[in-house]
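See the structures that follow.
After this come two complexes, each holding chain A, first together with chain B and then together with chain C.
This part shows the complex of A and B:
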């Protein structure tokens, strides 16, 4: 899923400062389950913004709506009747959601309420970890099903960087295991340790964001 | 008898080599100490490449300067700051300057240095950079470079079971030499060297023992074991 974090109230105050009527839009899928921009987070943030505005001697009128997915037109449409009444939309969706609102409501400023962080998973209660950078050319079959492109901060595809601690913790974040340490354990368990001797060639980054804005078209579905 | 100022000849003749790292500063002046401008026979200078993640004078510029003084340095290239275009360009430039060897390293992650807000590159890892250089050496399109290329080895870290496979990759990608991480335990170093001994090409691959200020004195038995080509003295 896409993981994000709610922007700080201080930042939201700055972003919304010039608007008097705001529609705050939550997103009911990824960003809800990482507790960044669901119904609850929207309510808390907007209450804080109203209080902050009042303390400055101003008024802030807010309306809140959480739709199922901000990244799909059929759900975004639900907002049509509300948008005309506000000065701005504050989206608590990921960056895809923010931009779909900006695409649909051309005359209304759309502001970000969330910092989109990564594609990842709940590793344990209260902790989300990154698992994919969307490189467009998955090679996890060469590394025990684990993504060294994402999980090694130096993107080392052939071995560890040597900066890890002797007990296998990552040089950059010692709360994480060096992915090459994990890969070795996994290859051993699956009886495929020899795979570590396969040279992983330089990646084709053209398939990633380096190649420019990406899109996928399925001809059979295009009308 | 080898020319003791010729790194390539020293390796070919299996003579003991001392490599001393030099870390350029962040000023526009060349401030190399006199012992590096006049290294002892069999001693070579490796120039670090923004080693700590702090911007430092270009390693290639320092190598060029050393060249004008008759010293043949080893150019360190980190994978943090350059993509394959810049790396290839640097290797070609190094060859044009007469630099005899390049040494690829991952580079300290930028978040551990003073420029933590900068964006890293990591287009290639050191083994891939090594393979790139080998391809340049072997290409028929006129790159025609003659330069030695080496990468690091981490004998004291990571899963020991992986080491032979990793060594096989490095040899397969054309490593001309290997430099270990700073060694603090020579028994473990020997354990690693023996664990990779059966890999084809391993016995002939020059391995430099990395030493730092924390390393114990090099035992004479290790020096004379015939398993190592020399030492590489890290700045720290």
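This part shows the complex of A and C:
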């Protein structure tokens, strides 16, 4: 899932300052699950913005709508009838959602309500951890299904840096497991420890964002 | 008592949420000091009296909610 965090109310007050009618759009998928921009977070943020505006002697009219996914046209279309009535759209989706709204509604300013953070997972209630940097060239078949490219702060490709503690904590951040320590443990358990010795050459970062904007086309699905 | 909740960690989570809402109230200009969380059991009448007295005095000192003053002025 995409993990994000709601922008601070102070920042949202600044971003929305010049607009009088705002459509706040929540996203019902990833950003709802990480409590950053679902129906509830949108309602709280917009109530706070209305109160803040009133205390400054102004008025802010808001309309709220949380759609299933902001990153798919078929759901974005649901907003068509509402957009004409407002000065701006405040998107509580991830950056993909924000940009799909900006692409569709060219004449209306689209503002971000969320800071998109990473591709990750719910590690436990209230805690999300990054699991993928989208390098475009997955090698986790060699590393026990765990991504060292993402989870090692030094991006060690072949083995640990040697700085881990005896109980397998990372020397850069001791709240993290050394992923190479965990990889070795896992490979031992699955009887594939010899894979840990497979030398991974320097990664080709052209498949990552370093190669510029990425696009995927699946011929069989194109119309 | 903190940590001693019918809902196990309920009052610890509530404490964190109250901290966040106090910050929100500060940020929008209402003032976080208008909200407070106290822990006590149903048998602690004296504590209840002390907490409500403390909060009443605080609110009196702070005066009415500024939002109400604006709404009254424009009515």
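The rule is simple: the second predicted complex is superposed on the first by the 222 of 223 C-alpha atoms of A that agree within 3 Å, B and C clash if a C-alpha of one lies under 4 Å from a C-alpha of the other, contacts with A are read in each partner's own complex, and residues count from 1 in each chain.
Throughout what follows, contacts are C-beta pairs under 8 Å (C-beta built on N, C-alpha and C of every residue); 3 or more make two chains touch, one makes a residue touch a chain.
Predicted model only: the values in this text are computed from it and were never measured.
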| item | value |
| --- | --- |
| Which of chain B and chain C A:166 touches, first, second, both or neither | first |
| First, second, both or neither for A:8, with chain B first and chain C second | second |
| Contacts of A:95 with chain B and chain C, given as first, second, both or neither | neither |
| Touch count on chain A, higher of chain B and chain C | B |
| Which of chain B and chain C A:52 touches, first, second, both or neither | second |
| Touching both chain C and chain B, counted on chain A across the two superposed complexes | none |
| Residues of chain C defined as touching chain A within the complex | 24, 27-30, 66-67, 70-71 |
| In the complex, chain B residues that touch chain A | 79-80, 84, 106-109, 111-112, 120, 122-125, 127-128, 131-132, 152, 154, 156-159, 161-162, 164-166, 168-169, 172-173, 181 |
| Touching residues (chain side chain A, partner chain B) in the complex | 153-166, 168, 171-172, 178, 180-181, 184-185, 188, 193-194, 196-203, 205 |
| For the chain A and chain C complex, residues of the former touching the latter | 8-10, 13, 44, 48-49, 51-52, 54-57 |
